[in-house]
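Could you have a look at this structure, given as structure tokens, before my questions?
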């Protein structure tokens, strides 16, 4: 039942979102919303009057409808719903007022004004609000709590073309969102306290820990924990922001940019009550703390005062109501604040259901009425209005009654509520007289304002003469007045109102008057029958939470002595304040409204944070490549150095260098000047050339370290990179500008640190004894395993069985003597597979770079390398070389010698590549080296003979070759799968041919072939595409 | 003919490096043919398909001439290096370099190329370039004399006889 | 083999080292870029010789491929750079 | 099916090869790539169920035993990531196939490159070897470089260069770290490495090695001081594919961090003393700096890019907590984040495709024209901001709780501040692009493309599914975290009982 | 050899890191080349060095102990790394060329203008 | 002294002869005054030295395959060294680097005895 009740509005909203809105009448959303609300009410009615057949709640001792489903029990989030007293009450209130407002909204909203979105969101809001009050789990409540903030955001910004609406929505969202986060942190804090607490007999159960009843039951733990004050503060922040308590009250008036039904429903009747509701849930836990009184009570009364004053000084009736709402919310908050050490004994107050209900009724009604006034008179400023009673008689009556209730006039429901509050306030006892007398005093002063602005609301628009006669004419100044003349199609205060401009001042239709009328009537009825209402509501206040004798004993003039006089005083002085009101307002406006907190908000969120953000972005984010890299290095090396420092990373002692090795210092020593040239020379080409010997030296070191394959690869790669570089080089500026040559000491320092770090790591790792130690229990080290298994099978059948492939032992060995090659194609063949893919991608990438969307901007293109380099005076040293004064002109054709003899040489290269390819498994070489070799050979052909004599190379589709190579490699990887073996498993066979002798064939060679093809394809693709530029 | 020579060199090269087995020779022949066929700019691509088999006598003559050419070459090379060594290791600088022209208008492209290579590896000379009309070889000579040009042309005759 | 004693090896390596230093001077100092190009070929050859002698010293023969390759590398780079300098484009 | 767990790698590769051969026909390429992109989702889900049911799945390449040959091991963490990658890939692919980019460009090998990227990512999630991980990283990075610069305009080459260079540095760090791992401990297999680090008992070496790896993967994950490559580059990535970039690529780095630390460096003396403060500080910096930078941006994709960084901070923070629940929160967060971030980028792309720009100053009032897109955006952005009941909330809340429980109050506060700032900047997009009066840039395309919105919506629907099934997913995350913390499972799966025995012995020995 | 290779690693890394931090992209490219070399050297050092080692090519006839051969693992790793570095570098080179073509800027200090996003 | 010993000694001698020529070439490169003369040194000296060193080393090591590789390398080198020097010289001419006409020729005029026809000048 409960989930259905809760989810029905969500389903409704989803339905509205999904229906084909183009084809349906724009009235459907409103109707659907009303239907859904009725459905919810029906379900709620069933739930209310059907006795809960479910088990007895152990803690509360009462029987509720409840529902439980695990969600994330480990973090305390469960889908626990209940309909205990307060929940039931709030559900009725939300749905009841919601129904009226939806009906009203159906008439109020312009059908052209996105009704689908509007009603869908309203329904979403209603569902969320139901969720807030029905949640038994505090975290679940938070979930819905945030949803209400969000729907409120969307609804406030419904007329999003208005800047003020956007701003108001944003402000509401930020403030409530911030509060929501605090609330979340507070709830998390509760969870933390409960999960770490220990008490005799206390067992922590994460799935129920955050239930309201369990929080209450474990209140001793919560109260005695050192962090409990912090948690309380956080949760209170959540409640205060939601309920617009001082100093967060400023968002609520801004939220009044929303359409009137929204203001009535969210920002008067229900959503802002969520904070009050939360206070009501917390109150039984904290009521005995004086801190609670100080925080909640003072926040409440200050809000009352501030809100009341602001309401007094508002011109706009809607603003007046908004501020009055702030004030009333302060009252509701203060009610809880006063719970400390009540005179009546150590009992907490009952929940403030009466106050909430009464406020919801009259404020909802008043907002709707303001909408009607706006609708009829096209303005909401009482300084312009006047004498409307002639045009809007019904509205006048309704307003007067509602305002009476708001002011707490006897016979209305508001009076009952006010009485309850004053009774509480006047019986406050606190340790400090400042609190004990100060808070009630402030509350009473604030109540004066209440009377005054109620009178303002009830009297000013309706009586007297129109203060601004122009409103009876058919103009639209109200639009201009609000400063959004930019859009008149949607403007006016409300959508529907804009259609009524032509009609002059007029009464609202029945659809607009009946819903507020019902509420106003209810105010009166409830006022008369308040004892009955008290009886009705009393059982809803959960007895165990609030003491056994809780409940409302409602009667008129309950405490006739003090209260009566107070009321008389209030009304007397209130009228005086009302009379002085306009003057107060004007002087206040002259003084300039301080609105400190709104300004503080703006200072923080509209100025400080954006400028902090801009500052962060400026400092942390640089478009400069150089600085990015420098910061990157600095951070990385800093962290590594810190790690070394922290861990006491030390170096092993120096190891003597054998005599013959001293010559290895030579390449190192020669690298330094190479680096110097590579880092300082003005000409790009010279720097490239200076890199070449370094490549040779690296190859030399590979030789020192007995790595023939590496030496081969290094040399070949070096050559190919040089060719590619040269092909690109002449499209770059040929020389560095002088300022680009300046030494950069910071970079030098960072590089020094980095190089030291890397060198230290290298040195220490070389001294590690673990590298070649046997791994695990008696297993050979990786190195020994590779060496031992490269040629001869070393795996016994037991070992093969142990790894899950029995019967495989006979096949297993690399089948080659070149262990590096066997490693590449067999032990770590997958690495090679990945590596050729990288190569293929790189070639394809070059292809894409050179062909896709190629737009060359001529002014950016700096060609002409020949002259640029040739005549550079610092290359051709003028002292030693002078221009040859010979008529020696450029040759148009390529060199004859090169093309004649240079084309012989590639044959050697290619045949040697074949040697390397076939020898690869047993000697240095292999597919990759052979592939590079072939590429070098082909490149040499191209260099020697130019494209004109190698058309087939020019046209050859190397992408396809890449594809073939990949395919071959992929097949060798995949085919073993067909035999039920892991991928890339290879086999090898000896064979013997007559006449030709024996040989050996390993399937790894096919893989190598794939590698070979891909390498040729990739390299040549790059060369081809660049060469054809 | 050039094609066969090239093929032979390739096969021999393969076998030399990969080991002298029939298997390797077969492999080498296949690969070398494939290479030559695949690359039209390699010498002999056009003629490789012709089954022209030279007579044994001619083969012998060619071999003899090649040997003579090689010997001449080795002697020249050694001389060249000794000259350089002398120049380097003695303190006095003797060289008086000039650019010298060598007429090569009667030679084919390939012969020009061979000659140029040859010149580079002979004492004191270094071929720099061939002019655009392919008539003249420009040579840098360390010790130019009156007979430089004539002596530079000497290998051409050997070459002529050889091929 | 046994005649190639350590002093001889060291002497050979020292000679090569000296050559390397000398030729590197041209690579790094120039003065003309063509000097550098030309001498890079020389560097490759000297490195080849170093590797060859080193091979003999350490008794392995697996580096002869590298030797051939280095020779090829020296040639190809020289030609490519010259072509670049001459025509601006390596392959045309 | 011995090699089933490799299918997510090999299938896209086969597709890529096929696309290379079908270069002439865009339709054929789309058919192949689409079939594979779609098939990957059920496949990945099946693999997840397989791992869930049968434990860690291991394939030993070429049958070499674990520790010697390359081992592919799929545990829950990897399987979860595979699923996410597959889903994101599919959505992203459908977005592309709906015509997000010009035909000529799409024809120019986008599909094979994208498939290879997907294969590389799946590879990274599956492999159990450090160096092999490096190789897969290179596949990922190179294909992403190529895809990033693919359109060849809009400054992509320049941003691509920055992206590439900084990633290359990270790759070099990775390579050096892999080498050092071998040099110091003699192993490359991650499980083997874990055992050997435990056996060696050299906290100093382990600390430095771990720091190097942290920097590597941190750079790939774009954590605070190392994130420069990312925010400029991602907005330039091709439309549609950017979702995969944003969703998955940085998370590969996060995945590696999650893989590395629990497996190799959980030892108290290295972790608690050094790594934890480091990781927490980096996480906090990442969160804050990311979100602050995002606040000052004025184009959707740049805002989103910075949010990637900021959210990475949460994940790093979760790693820093280093408890079961903390890691579970982190994994939940990753699950949420990948899908939501990808869909956010798709939204931005959809706006760009339909309106011609995604700059906030140039578009406005979209809510009236594209209500569906607005709803999609709202769901995704609120989810990103961690608003309940959308998927972002649960991970965040779990993180806050666990952070508080473990006493990292400061970092919890930072994460909360980040959270509100995130909300603010998300709403900034909403305010500018979706609210306001209708603005349309001059160069907006004449014909809109609703197909891309559908693809976007599908991904958002997945995020809603995540929210709806957040309970089971939290259980999955918790199980994953359990498996991560209990490294014996992984070691046993890869190395067998000898490895397990060695690990236990080493752990026994290290206890005083 | 340990000291020497450390020295070499130091020199190469120093040059690489320094060049990476220069403003001209071409220098950065040279820096990446140097870093690749440096990392190769670091990796090759990881295999250790002993005077009597042989290349890891088995000699079937001579019954040598496994410890007579050099460690093949780092060599295989480097080979893979070199190839990958080669692919990446080739792409990087062309990317730099294209970047220069488009932006006419070898320093990469400015962000490309947003109106390029047409 | 066996034949192999003699061969060894011969090889060692070859190596050192080669080293001598290599050193000669490199010193020449340092000593000579202009590009063209340096080219003489490097293209002749190092190539020649290279040949000796390689043959010597291959002879010392002994397997025929190594000798084959050495021969191939030498062949290749002889084929290509002239081309390389030709390319350098050609570019040098094209760039307008004039050859000196004597070792102490610092700033001379055009050498009188040299007549170079410009191609296509007629």
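When the chains are written out, they are named A, B, C, D, E and F in that same order, and each has its own residue count from 1.
By definition in this document, a contact is a pair of C-beta atoms (placed from the backbone, for glycine too) under 8 Å apart; a residue touches a chain by one contact, two chains touch by 3 or more.
All values derive from a computational prediction rather than experimental measurement.
The minimum number of touch steps separating chain A from chain E is 1.
Considering the contact criterion stated above, the chains in touch with chain B and with chain F alike are A. Steps from chain B to chain D, minimised over paths through touching chains, total 2. Centroid distances from chain A, each centroid being the mean of CA atoms, peak for B.
Among the pairs C-F and D-E, the greater number of C-beta contacts is found at C-F. Taking the mean of all protein Cα atoms as the centre, the chain whose own Cα mean lies nearest is D. For this pair, chain A with chain F, the centres built from the Cα atoms lie 69 Å apart.
Each chain gets one centre point, the mean of its Cα atoms, and the points for chain C and chain D are 48 Å apart. Remark: chain A and chain C have CA centroids separated by 59 Å (rounded to whole angstrom).
Residues of chain A in contact with at least two other chains: 623, 625, 629, 633, 704, 706, 708, 758, 761-762, 765-766, 771-772, 782-783, 786, 827-828, 831, 834-835, 838, 841-842, 845, 849, 870, 876, 880-881, 891, 895, 897-898, 901-902, 904-905, 908, 912, 923-924, 944, 1026.
Shared contact sites, meaning residues of chain C that touch two or more other chains, fall at 20, 32, 37, 55, 59-60, 62, 65, 68, 72, 75, 79, 83, 85-86.
Listed for chain F are residues 20, 25, 27, 33-35, 39, 47, 65, 69, 72, 75-76, 79-83, 85-87, 90, 92-95, 97, 116, 119-120, each touching two or more other chains. According to the touch criterion at the top of this document, the contacting chain pairs are A-B, A-C, A-D, A-E, A-F, B-F, C-E, C-F, D-E. Remark: chain A residues 659-660, 663, 666, 670, 673-674, 676-677, 683, 685-686, 689-690, 692-693, 696-697, 699-700, 703-704, 706, 708, 711-712, 715-716, 718-719, 722-723, 726-727, 729-730, 863-866, 869-870, 875-877, 880-881, 894, 898, 902, 905, 909, 912, 916, 923-925, 933, 936, 939-940, 942-944, 946-947, 1023, 1026-1027 touch chain C in the complex. Those residues of chain F lying in contact with chain A across their complex are 33-35, 72, 75-76, 79-80, 82-83, 86-87, 90, 93-98, 106-107, 109-110, 116, 118-121.
Here chain F touches chain C in the complex through residues 5, 8-9, 12, 15-16, 18-20, 22-23, 25-27, 29-30, 35, 38-39, 42, 46-47, 49-50, 53-54, 57-58, 60-63, 65-66, 69-70, 72-73, 76-77, 80-81, 83-85, 87-88, 90-92, 94-95, 97, going by the rule given at the top. Chain C contributes residues 1-4, 8, 12, 15-16, 18-20, 22-23, 25-26, 32, 34-35, 37-39, 41-42, 45-46, 48-49, 52-53, 55-56, 59, 61, 64-65, 67-68, 71-72, 74-75, 78-79, 82-83, 85-86 to its touches with chain F in the complex. On the side of chain A, the complex with chain B involves touching residues 891-893, 895-897, 900-901, 903-904, 906-908, 910-912, 914-915, 918-919, 941, 944-945, 949-950, 952, 993, 995-997, 999.
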